[in-house]
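Two complexes are shown next, each including subunit A; its partner changes from subunit B in the first to subunit C in the second.
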Partner chain A sequence: MPLIEFKNVSFKYGDAESYAIKDINLKIDEGEFILLTGSTGCGKTTLIRCINGLIPHFHQGALEGEIIVNGYSTTECTVAFLSTIVGIVFQNPENQLVSLNVLRELAFGPENMGIPREEINKRIMEVAEKLELKHLLDKTPIELSGGEQQRVAIASALTLKPRILLLDEPTANLDPKSAKMIIELLDTLNKSLNLTIIVIEHRLELLMDYVNRVILMENGRIIADGKPSEVLYSHEAERSGVNIPRLIRFFKKLKELNPKLISNPVTIREGVEALKKVSE
Partner chain B sequence: MSFNIFEAFKYRRKKTFIHSLDPRTKLALALGVSALSIIFTELIVLLIIFLSLVPLLLIAKSIKEWTSTVKGLTLLIVFILFVNIIFNGLSFAISMVLRIFSLITAFSLFFLTVHPDELSQALIQMKIPFSFAFAMSMAIRYVPTIANEAQTIREAQMSRGLELEKGGFTQRIKNFIPIIIPLIVSSIRRAISIAESLESRGFGAYPNRTYLLPLKMRKRDYTVLITLLAAIIISVIIKFVVGLPPLLLLSIPF
Partner chain C sequence: MIEVIDLSYTYPDGTTALRDVSLKISDGELVAIMGPNGAGKTTLVKHFNGLLKPSKGKVLVDGVSTDKMTVAELSRKVGFVFQNADHQLFAETVEKEIEFTLKNLGFQENLEELKVKALEEFDLLKYREKSPFSLSGGERKRVALASVLCANPKTIILDEPTAGQDIIQKNNLLELIRRFNSEGKTIVIVSHDIEFIVDLNPRIIVLVSGRVLCDGSVQHVLTNKSILEYSSLTPAQITEFAWRLCEEWTPLPRNIVTVDQLLAALKEHIIGGGL
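Our next item is the complex of A and B:
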């Protein structure tokens, strides 16, 4: 059974005329690391809001179809219940850090769940260890750098021990170095906790070394879904105007010139391999 | 400039006896001292009340912050002094100023030494609903964020030709509209995304919420509270039953 399943899902926000997402069918298995991309307004955020129940419980509107997360139908569960399965991290960490220090921020979710104190402390220590936040526990959010803030935001979702982590443009407000650190952190979490991760990003380049699946959306529909090597070399990707990494653009050109080049490299290492093979 | 007044009401992380007290104890202390300084109108008694607060400021290592508030309030204090001299005489005027000093000191001692989180925890343990206490601590949390945003909007509008310093009094107030409106709009947007984040972590979902760091009254709290209570009872008895000794009734004779 897939961990997340969308069955013919469409959604229209309360006062909108057109659908934000339309006829979505999607299956996601445990442990996948997925890049969700597409131009602004294509429905990416709406899609992930459906997974943790913010749609239809927080954002009102007309929802059709069914979304099953870990065996539960999201329409029949509360967002609070789903939050122990699905963690979510938004674009602007400033709006997610609501407490006056990091310790309380990490405790916030489990406190709301009524989890016993000893267990909360244990979780905070585990997560703080993993995300290297121990030295920041008594800092206020304003004293943290953007990258640290985003790490705290991720940590505060993880203290609820979710199996799925959704991130909506987590690196949009970060400098390149902190952005890379966040993505590497996600990779570690994906591998060490077998955490299923769906990340919305415009900077595709950042994720090429890590993700095993890319979902491409346009006008509320999924127009391509598969391995990075399939999706990013497709006509759909070209047409939709996403920021295709230079390496891939380069190899696309190269393939036109040299029919012997048959693979679709997405990382530098794969690119080097492919070139080696051709030159042999 | 005008922000100096609030300096005294901003929490400072320090390790002192006063900081280590339970916020409820400190709240009782602030309210008790205020009550005393309102009950009494005698110059000497008010002076004693004020002077007894000074050692507390010293223990809390907060003299500097306190001084900056008093400086910020100089104008108000001078105003009170003069109005009272004109209508009620010098002695009464000085008493009034001492009273104001005691009130400011009592409350700045409270806000300087109570972390906002402790304050909201204290409110929760005083049976104020969690959502209210949380709203208060979040308001404090977002002050610097909103201030930053206001600054950004101000710069954006000024770079497009907004002149804040132009015109008469009403015009100057009107000049702020292009800053206020975007600030309100962006704050509402921010509120929605904060709400999303709260909702996604189970805010208010279950009635049996855990509090990670509950407050506990300790021996030192009881000592302070008993001392305070004794002081209040003795003063009230002296004031209303026994009558103040002549020494305490001394005043400046004009």
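Our next item is the complex of A and C:
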């Protein structure tokens, strides 16, 4: 059974004239690491709001079809219950961090769920260890750098031990090195905890070394879904105006010059191998 | 012309954000300020339109020290577009947003004309009666740009203009910046977006811990491993790819940043040998 399943899902926000997402059918297995992309307004954020139950419980509107998360139909569970299965991290951690210090921030979620004190402390220590936050526990969120704040936001989602983590442009405000560290952290969590991860991101090259799947949306629909090499070399990706990484643009041009080059590299490693091989 | 002379700035809470910064930006230049989070980039550019005044040293705009001018006077010369459009917009309608700038800066006779010109320029005529907050993120960004650029400032400062923008919006922005720059405007852009900066090809000033680490071209700055390391920047994807090809396959120049440069460098392989 897939961990997440969308069955003919469409959603229209309360006052909107058109659908934000339309006829979505989607299955996501446990342990996948997925890049969700598409131009602004294509429905990416609406799609992930359906997974953690913000739609339909918080954002009013017309929902059609069914969304099953970990065996539960989202319309039949509360957002609080779903938050123990699905964690979410936003673009701007300042909007998400509410507590006086990092320790309180990490305790906030599990305390609200009524989890026993001892268990909360154990979880906080585990997460702080894993995300290298131990030295920051008594700091206030505003004393932290952007990258540290984003690590705290991820950590506070993890203290509820979710099976799924959703991230909406988590690196948009970070410098390139901090952005790279956040993506590497997600990769570690994906591998070590078998955490299912869905990231919304416009800068696709950041994720090419890590994701197993890319979902591309346009006008509320999924227009391509598959391995990074399949989606990013597709006509749909070219047409929809997605930000195709330079490495792929380079290979597209090279392939026009040399039809012998048949592979579709998406990572630097694959690119090096492809050129070595064809020049042998 | 903007001249920064031995500028230091300490925030009221005691944090020193800039230390002895000196630099000169000539009329018509296109300049990017880059560096890690917290390096002082925004603090520096806030001195260019007088939002901040130096703790030590001087900032001269067209030869006049910014502490001798009001923010209103400076705003006619230097327009500032904030990273988050929502921090900047407040009026009831798009039209009023633009009127506000113009009135504030003392435009009277040609106010209507300038307003319509700005609305047209940013494709906002159809939204003139709408609330800026009913528009999409990309449209709000255009309102923010229009409300600054309607006053026709000679210098435009853009703080992280591409954060959270998709490729269509980025390309529009790229075109806009190039056009304004070719019309003679000075553009100063604060950005982390390496791939966007490669496309824009500006002069780059790198700030680290409140000091200028280096100042040079894209090909010089973004292909220098130690500069990148110190400034929390990463090489453009094509640069990294070229470096790896160089280590593992064939000699290549170290300063490749664009797809076309890489194709040109591989020309002999493509024509003669296999590629």
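Just so it is clear, the second predicted complex is superposed on the first by the 280 of 280 C-alpha atoms of A that agree within 3 Å, B and C clash if a C-alpha of one lies under 4 Å from a C-alpha of the other, contacts with A are read in each partner's own complex, and residues count from 1 in each chain.
As a working rule, a contact is a pair of C-beta atoms (placed from the backbone, for glycine too) under 8 Å apart; a residue touches a chain by one contact, two chains touch by 3 or more.
Source: prediction; values computed, not measured.
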{"item": "Which superposed partner A:N112 touches (first subunit B, second subunit C, both, neither)", "value": "first"}
{"item": "Touching partner for A:E30 - first (subunit B), second (subunit C), both, neither", "value": "neither"}
{"item": "First (subunit B), second (subunit C), both or neither touched by A:L247", "value": "second"}
{"item": "Which of subunit B and subunit C A:E126 touches, first, second, both or neither", "value": "neither"}
{"item": "Touched partner set for A:S156, first subunit B, second subunit C, both or neither", "value": "first"}
{"item": "Which superposed partner A:E205 touches (first subunit B, second subunit C, both, neither)", "value": "second"}
{"item": "Touching partner for A:L275 - first (subunit B), second (subunit C), both, neither", "value": "second"}
{"item": "Which superposed partner A:E236 touches (first subunit B, second subunit C, both, neither)", "value": "neither"}
{"item": "In the complex with subunit A, residue positions of subunit B that touch it", "value": "115-117, 137-138, 140-141, 144-145, 190, 193-206, 208-213"}
{"item": "Residues of subunit A that touch subunit C when the two form their complex", "value": "38-41, 91, 145-147, 169, 172-180, 202-203, 205, 241-243, 245-247, 249-250, 253-254, 257-258, 261, 268-269, 271-272, 275-276, 278-280"}
{"item": "Complex interface listing, subunit A residues touching subunit B", "value": "52, 54, 57-58, 78-81, 83-84, 87-88, 90, 92, 94-101, 103-104, 107-117, 120-121, 140-142, 156-157, 160"}
{"item": "Residues of subunit C defined as touching subunit A within the complex", "value": "35-38, 136-138, 160, 163-170, 192-195, 232-234, 236-238, 240-241, 244-245, 248-250, 258-259, 262-263, 269-270, 273-275"}
